[in-house]
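One structure is given here, and the rest of the page talks about it.
Here the chain labels run A, B and C in written order, and each chain numbers its own residues starting at 1.
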Amino acid sequence: MSGPAPRSRDFERRAYVEIHNPNLQEAMGLAKQGFVGKRASAVAAVPEWEQLRAAGREIKEHTLAHLDWYLERFEAKVRENGGHVHWASTAEEACRIVVDLCRAAGARRVTKGKSMVAEEIGLNEALADAGLERVETDLGEYIIQLADEPPSHIIAPAVHKTKDQVSDLFHRHHRQYGLTERQTEGPALVAEAREVLREKFLTADVGITGANFLVAETGSTVIVTNEGNGDLTNTLPRVHIVTAGIEKVIPTLDDTATILRLLARSATGQEMSVYTTFSTGPRRASDLDGPSEMHVVLIDNGRSQMLGNEFHHMLRCIRCGACMNHCPVYTAVGGHTYGWVYVGPMGSVLTPLMIGIEDSGHLPNACTMNGRCAEVCPMQIPLPDLLRVHRERQHASRLDAPRARMMLRAWAFLARRPALYRRVVDLGARALAMLGRRRGRLRWLPLAGGWTGSRDLPAPQGETFTRAWRAGRRPR
Amino acid sequence: MSDSPQPVGPASDRPRVGLFVTCLVDVFRPNIGFAAVKLLEDAGCRVEVPDLQTCCGQPAYNSGDAADARVLARQVIEAFEGFDYVVGASGSCMGMLHTHYPRLFENDARWRARANALADRCHELLSFLHDVRGVREVRARYDSTVTYHDSCSGLRELGVQRQPRALLASVEGLGLRELEDSNVCCGFGGTFCVKYPAISEKMVTDKANHVIRSGAGTLLGGDLGCLLNMAGRLRRMGSPVRVYHAAEVLAGMTDVPPIGDGEASS
Amino acid sequence: MSDARARILADVRAALRRTEPLPPSVARGLEQRVAAPQANVQPAVDGDVVERFVAKMTAVNGLVTRLPDRSGISAALEAHCERHHVPTDIVVAPDPALDDIAWSNRFSIERRAARGEDRLSVTGAYAGIAETGTLVLLSGPESPTSLNFLPDDHVVVLDARRVVRHIEDAWATLRSERRTMPRTVNLITGPSKTGDIEQKIHEGAHGPRRLHVLLIG
């Protein structure tokens, strides 16, 4: 597949580091409270929420079941409106198409709106390799571009940064524009980024955006933003390029209305994001502004392989980020720990499909199966079940951890032999109870360092329930 | 079954309940099992404990070992056929029986039917008492403010949330203080807590801090796995908060030391 | 490139257990679904749509001034400029529907697309949506999109009769009034915002710092 080099093998070590990183913990603490509370109020205000979820799911399932037809319908409509459609099977193909378009336009400076698929295909590196100046225009993306880091969240890419860290970054990088004072307040930081980026918007040759939807009815591509950066990106340059996964197509404008009602509430707790923009082809002959060329790059990059199996559920994902905002593992370790583009629960499902389970074996396992992600997913994606499917595949190909595998086999061996099981657990319960009799707990136990490293092990009471019950010994 | 003696009223009034003990209760905290028996009997049930039960198979299932999980599921299904209800004091194990057994046999019509039949009859203890047996109050006293952690499987797979609170409200002397983020995972997650100890520690530390900040003297919950985890962390942090399964309090069986406390510390 | 197209379509069909495009009978059904779009679930929007629009737009920090007729537009704009210390060199969309405004001679007016240094723009709007307090703006020679994003202040003249209940109503109107989509349809719900620094909301990220709707009628 390609795209950025994965670092997911490093998950465990990185998790440890981030849990002990005070900046990350401070930033994630703020984010968790904000996202969860705002979403909850927004959802509570819509009595029709569950019907909307069901309708959203139905729209996506319908489209996916006829995906070839809807893609061709979308393509025809884009062309009818004077736009161009390009198809890319792989990340490399997609990057090559975009780079070639930039070269053909004689571009030097390229502005970019936030696009997760662009991250997925490694477009940033491709643009740099082609000698193009890339300017990220979403404030969060701009911050991490200055920091030379990948996004740590799919809608809030700089969620891991504190305001202080942003101050430092701006102070260091904005000197070249004569902005030498270190700003420390939010509004001043936003104003400074606005000033710096305004010049970039006005002088860019190509604007690249992603798409939240591709509308088959009209051939429109849709972006949803709050800042307006996406609109300056798709309006001011001479060429507008849209990168989009093939699963983004939906039938009609009315269908976008349904999913938009789910999207903003799930993502930020807004009823509507500030700007929802439908772009259909290039500027018309009599228009006074707008790009004179518009290109849509439809990217497969493994999606068609998900369509025919249980992972097709994942193609409903609208990239709202609710699953990660509600994931206690994600909020503990931050997005970079996941080691690739997609993070949190949706990332733990997608990443193994895109880069291979060999390089991402931790991701489906680092989950308690608590189900909070599926509960809030606006598209009713059964994320824990999909993680379990990954685990089944790992188990089947003996890619799970050997020690855990051995212990589980031993446990299963016992558990299917009730008589033997009874003898072993009766003995074990008594032994542990004896060890912990006085304090009622054990501070250390051989082979149980994973538990006793950070918590005591409450000691058994002594006799097992079954033994006492059979002997007719009931308390009081 | 129709031949079995019926001491009081028709069978439907005194249903025959198979207690799913759960492996953790069996080994670590028999008191919860006896509390469940008492609560079920007080609610007019005849309780039996089938011999052949061991483990529900969830550790295997969640580790991707569906084959072993199926073997254990068959064992449970066989052991509990013929009961009017199957009840266990764990949302996690009962969620396994209720939600996941039928999925394990998706491609096996005969066992799927048997799994579905079990799923229809199985319940988590506290929701069974409240929703099926209509219990609204218990005769028990517990003089303490308590806080309550909603264990994930019970909450999301079986909808256990208001039932324990409703029952606890009837306990004399007990005052409930809601726990911040009570519906966020405590970091137990079965094998997760030993596979990813650093993350689990972070999660259970957050949980313990919420418990401590609630100001309650006692933490209750409905799942022993989570309670062992939280009690273990609270003790390691030096907190005096006592930890019980909600069933122990509802059954008035809190004369034994709390989870993680011994004779010396209680 | 057409190789990729063929490959992707073949892979999609293979995943859907087909080797050929959909049979015409099925395709006709899909064409029907696209040609005659149906609204799905819509949240209830009770009461007066204009009041709801005002309440929702205000809730997202959009400014709204209700005017009985268009004669008050110039004065409302003067008040805006005074209050927010905005110069009176303004850009007004070259929209014939805005030709009838009797501008005070305090204003210096240009009718064109926006430039980077413009401080305030005045545009019309195609519709307002009561459900969420959203404006619908269409691009065209009379309504260049840059006016909606480059200036610090964006003032929108909206006829109260153009306020509809749900976005689907605006789509229906658009389909009946125009044969094709304009290059750009902007749904705008409040002034530009960002939450990218510590999740605190700050206004005026890249687009207008202030959005002011003059609601006529």
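Keep in mind that, in the parts below, contacts are C-beta pairs under 8 Å (C-beta built on N, C-alpha and C of every residue); 3 or more make two chains touch, one makes a residue touch a chain.
Here the structure is a predicted model, which is why all the values come from computation and not from measurement.
Q: How are the chains arranged in terms of who touches whom: line, ring, star, complete or other?
A: line
Q: Taking each chain's centre as the average of its Cα atoms, which is closest to the average over all protein Cα atoms shown?
A: A
Q: Using the average of all C-alpha atoms in each chain as its centre, how far is it in Å between chain A and chain C?
A: So the centroids are 29 Å from each other.
Q: Using Cα averages as centroids, what's the distance between chain A and chain B in whole Å?
A: Each chain's C-alpha centroid was found; their separation is 33 Å.
Q: So what's the Cα centroid distance for chain B and chain C, whole Å?
A: 53
Q: Would you please write down the residue numbers of chain A that are in contact with two or more other chains?
A: If we look for residues of chain A contacting two or more partner chains, we find none.
Q: For chain B, jot down the residues that touch at least 2 other chains.
A: Within chain B, no residue touches at least two other chains.
Q: Which residues of chain A touch chain C in their complex?
A: Within the complex, chain A contacts chain C at residues 27, 30-31, 34-35, 46-48, 51-52, 54-55, 58-59, 65-73, 81, 86-89, 93, 97, 137-140, 143, 156-159, 161-163, 166, 186-187, 189-191, 193-194, 197-199, 201-202, 216-220, 226-229, 231-232, 234-236, 246, 251-255, 257-258, 260-261, 268, 270-284, 286-290, 298, 300, 304-308, 312.
Q: Under the touch definition given earlier, write down the residues of chain A that touch chain B in their complex.
A: For this pair, the touching residues of chain A are 12, 15-16, 19, 328-329, 332-333, 365-372, 374-375, 388, 390-396, 400-401, 404-405, 408-409, 411-412, 414-416, 418, 421, 425, 428-429, 432, 436-441, 443, 448-451, 453-461, 463-466, 468-469, 474-475.
Q: Which residues of chain B touch chain A in the complex?
A: Contact set of chain B toward chain A: 21, 23, 25-31, 33-34, 37, 49, 51-55, 57, 59-66, 68, 71-72, 75, 152-153, 156-157, 183-185, 187-206, 228-229, 231-233, 235-236, 253, 256-257, 259-266.
Q: Show me the residue ranges of chain C that touch chain A in the complex, using the header's touch definition.
A: Residues in contact with chain A: 1-2, 4-5, 7-9, 11-18, 21-22, 26-27, 30, 33-34, 37-44, 56, 60, 94, 112-114, 116, 131-134, 139-141, 144-146, 148-150, 166-168, 171, 180-200, 202, 204-208.
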